[in-house]
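Could you have a look at this structure, given as structure tokens, before my questions?
Per-chain residue numbering starts at 1, and chain names A, B, C, D, E and F are given in the order in which the chains are listed.
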């Protein structure tokens, strides 16, 4: 089996699924689908299907990890065995370990955690089907689940990747684009402040391409932020597609 | 410190049971409503999301190739796992021995029900005896827990196994074909609290139960698997009553699943 | 290697080892063979050879497992690497884990444990040679070992399986009968009260067959119960084959 | 008990930084001196000991044969590990989850920098597509820790990978040949403490840092890998400044390594 | 809290030793009585139950096929394990590092004694050099513990290995044949308590011992393996005395085992 | 690949590397190369390259291992994956486990540890390249590292192996000699007192050969002891090759 490098963008600038360079895949967010978790969210983003549950703040069992002045955030990002083409072996792999760590750090910077000393906030990100961009989708859903749990945050984190395929900078790579593309740049920000909480990159980007890719991702995060607020509004205000105008923008403080 | 809440709860449950009632309004031998969503995971050959009351499981089936067990050289293989994910309940800690032991027991009981009923016709899944057979990995994730994972898992597995296409052509092994199925087993789980036997327990009922009995039956009303659990005892009459109920209720459940 | 389904019962109703449908394999029980364990028992049952040792009640190291009002029972059922035809890999397998759990529960219901809050009673079941029916043989021996340790119980648990071979309900399957038979029904009861503490089944049984099989197993448990009492009598009263007439039946309370 | 020392340390570091100074006398964008000893391990095809200030890593590369990954059947393989050995610092406990997670993150970032830059020409390491390829095991041991293992590891890896002879003749696979190398990536790691961005942090600086950013660049000044860490936030300007510094400083570092 | 009992016990043991006596009435260089039951496990090619005083071990040997070690391509393989089962003593916790380390040390010393004496003629167990050789899995379970597992294990292993039939016909590899044996090594273990050297220590003696020495000798009185243990020191004279005793006592033990 | 038994000693009594039967391989010891460790030493001995670091005495985390009247010594002997010809798999193997245990015991007998109740002294022995005799080289370097850490000892332990090749007793086997030789006898002693703290042997030695081999190892330990003292002197007294005459011989008490 030899991978032939397919053409990912056609003459009209259309990608294989018809998107232009600056378009997101379809995204659906549902706030609060789980009964037991203190907060939860379900996201479908392209082929990605991810369930997130939040427990806490609750007493941290491992005393040596307790922080005397704040809650710690423990994200556990896990791929279901059936979430990928070749069945994933049970147990946390190194990739899942790394993503869990960087998502923990990303959220810890956003949560106003000094009200909860010596506790842990546990965020379980269960990837049910993986189709490229799971860390961004997971982080996006985790924000919603934390808000659903009533945990005070300085803002909702929205996350999205940009990348490069066929030498062009584009938004939100799908699985094939990610596999045979030239670069991937996952970004997580608080859209209301521009603070960057997640930033990774691998592949091959010039500094100008980086600027363009980052811009695409940042703009997309604004749109994703709207979807997050709509999901929360649907749950808490029984509203339709748009949140209240007078609600403080993305602020979810208790 | 001894937790006093369970004792109060037990009293309440027993008192209600004297009148044939339960905390959630069901009768003692009533199964909760359940819903099934099928084929939701694109990367799995079969999948289903099953909600049974407040319990939710996601079942995925991946089909691959493997070397058969040496004592069943001409049979395909089935491997069943149940994961009690932390996301599902604040008491589930997958790395703790107690959670692990619970998950293993459930997965083995679900596996026996499916295997012993012959639900999957494993003999038809042999490609080359002793060398190459089809293997079904049946993985059950518990996402939300309100009791009775035994039955929720079996039901979810039934739904996920239905209508699976074995992707033989992907492996250059001829044409794709439908996973050959036989019997459709249904499991029903009872708990005993005091003198009362209750079907399809909630998490609250399980937490105070003395004994548990799972009975898996087939279309013809034959027993295919049983498992007693917990440290309370059962009497012979408890068991024969459970078997009787299991057969009749199992048939109703089977019809509902078939309809999906 | 293809398994040809052998005939397990001949025209005279005899099984391969000459037993009729309602006969047990030979059983030998020895109470108290070990010096260090607080109680112990050794059982040979057909080809099964099992050593059981009991320690406790003793302080439970893992605080989070302590029960404030009673002792917990921790059975560890282990197969020796050489106990089966194909060498068993080291470490507890899933089958051993399940059997350990159900035997723990079976014994916990029998032990009068409220005298020993916050403690554990550890029961180690070492299968030295496995020849079908190890969980029943192990449970039977564990009862004797507990009695030998002086741990108060509501009664001795006796355990035996019935099953179905060649379409007929029979008692106490041996290894080949278990491998190619139609059903297996392990039962553990307190023979003096009829309380069921262990019940499993797999295979294919009608409700009538179940009744017949359960009846066979229950009757066999009565006989096994006698063997258990004799083993304890031999140790404690230096007697021959029969226990004292005036001893309370199977009751082993301190 | 809350440790008060870090807070005092932070104040001191921030105060110095206002004047562009640091505890060890460096300027904010100054990389520490480093030394490289090459080919010190006779049992490894490549090896190097790298000292960067008070940080010391030992890198060994073993070359062997393996079966290629199914999605890269015609590529040789690279496997990178970083060990935070207990010998290196009193806080490193390799069996604790936190130490393990740190080591995994570093090894994956180092690996991506090397892999994505194409430093090793993996396509030239295929012997038989889908069956047999050369595999480089790049193992990095941290022996002494004074901050910035990210860059120390990448630098040590560069040195160890240079001039490796693939021992093909040992395997009866033709003549020995030089490990084919392409780009030489250099990683530079910054921390943000308060409003200040500092290059190549010491252990003390890392301990009080708000955010961390590693930028790996190639000869042409292109980005090959980036990784933000820690729970503090960065602003876009922080990132673009780091990229700019990384490109210029990376070139200086690269020259030094080439000289070795 | 410091346990005072061992100190009292040490005093008593030392006092007795001045008169050449021990707690259980033996002289300092006296080995305990032992009994051997052979071929008790039907599923093992070789087995033995050995009781040495209050210590009981069960040894099973399974014979199978395997791929030889790359540095011994024409030798059969021996793999020895010792398990300190919880059933044997209240201090044995197989998952704790200390119990595990003890078990590993014992198994390696037993293995070296058997391997270095050439007891099993491994060269005769090669079927196809570099590809297929016979493998003996020697598994030793400690069921009851009253000291000196080192010697009990070696003795049990000797008994279990004697008269093994290699089941070649089961694998379609020709006729069954007797496992080819050479030398019969015997190990003798001493402890030093204060100034006294004692052979074949009980659990009580081991618990208070300063140093331990195991000496394995062959028929000709040659040394085949030695191992000092515990944190006390030995003097050269202690070692040479132990070697002398080991040779003479080893011969007596060997005769007893041969008789079984 | 069949190992042909090479001739290890030539007609002139010279070994493959030119050594006579009683010669050591070249040894270089460096005291205190590491900055973070409380004490450290680096040793090159033939092809062996070993780094040793010491931490402690420090509080012992695992309470159940604490000794109320003394420090415990925990040696961790580890082989780097690249330290041997065939890459070593990660994780502690059984051989490493055994060596860690016997080296812990060897050093525990030498350290004057009753000043530090409930603490641990951790000794990390990192084998960077292994060329036969690593346990002796590691023990030798560990002594120096402990002295460098200021931990009081009854004397420096020196360690060396003797063995038998081509039927002759020789000192300090190299890798090939160890692989195809007849016997190996690692010895660790306090040269100033003759106390034996490490003694192992495998292979084939008569009692007379043992005496000869032990004597060779003991004499070599005297020389190694000098090298240890010189290394410490270089660090602490900035001296050349010989230590101060009036320094108490090998005593390193605080």
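Assume contacts are C-beta pairs under 8 Å (C-beta built on N, C-alpha and C of every residue); 3 or more make two chains touch, one makes a residue touch a chain.
Just so you know, these numbers come straight off a predicted model, no measurement behind them.
Peer 1: Where the contacts of chain B and chain D overlap, which chains show up?
Peer 2: Expected: A.
Peer 1: What's the overlap between the neighbours of chain B and those of chain C?
Peer 2: Expected: no chain.
Peer 1: Which of these pairs, D-F, A-D or C-E, matches B-C in more than half of the residue pairs in contact?
Peer 2: It is A-D that repeats the B-C interface.
Peer 1: In angstrom, rounded to a whole number, how far apart do the mean CA points of chain A and chain C lie?
Peer 2: From the centre of chain A to the centre of chain C is 53 Å.
Peer 1: Using Cα averages as centroids, what's the distance between chain A and chain B in whole Å?
Peer 2: The answer is 33 Å.
Peer 1: Mind checking the centre-to-centre distance between chain E and chain F? Centres are C-alpha means, answer in whole Å.
Peer 2: From the centre of chain E to the centre of chain F is 27 Å.
Peer 1: What are the residue numbers in chain E that touch two or more other chains?
Peer 2: Counting only residues that touch two or more other chains, chain E contributes none.
Peer 1: Applying the stated contact rule, could you write out the chains in ring order, opening with chain B and then chain C?
Peer 2: Ring order, starting at chain B and heading to chain C first: B, C, E, F, D, A.
Peer 1: For chain A, which residues are in contact with chain D within the complex?
Peer 2: 1-3, 65, 68-69, 73, 86, 94-95, 97-98, 100-102, 105-106, 108-109, 179, 183, 185, 190, 194-207, 210-211, 214, 218
Peer 1: If we count contacts the way the header does, which residues on chain E are in touch with chain C in the complex?
Peer 2: Chain E residues touching chain C: 40-44, 47, 54, 56, 58, 60-62, 64, 81, 85-90, 137, 139, 141, 143-146.
Peer 1: Would you mind writing out the residues of chain B in touch with chain C in their complex?
Peer 2: So the residues of chain B touching chain C come out as 1-2, 70-74, 98, 100-102, 104-105, 107-108, 112, 115-116, 129-130, 211, 213, 221-236, 238-240, 243-244, 247.
Peer 1: Please give the residue numbers of chain C that touch chain E in the complex, ascending.
Peer 2: Touch residues, chain C against chain E: 34-37, 40, 47, 49, 51-53, 55, 58, 76, 78, 80-85, 87, 90, 122, 124, 126, 128-131.
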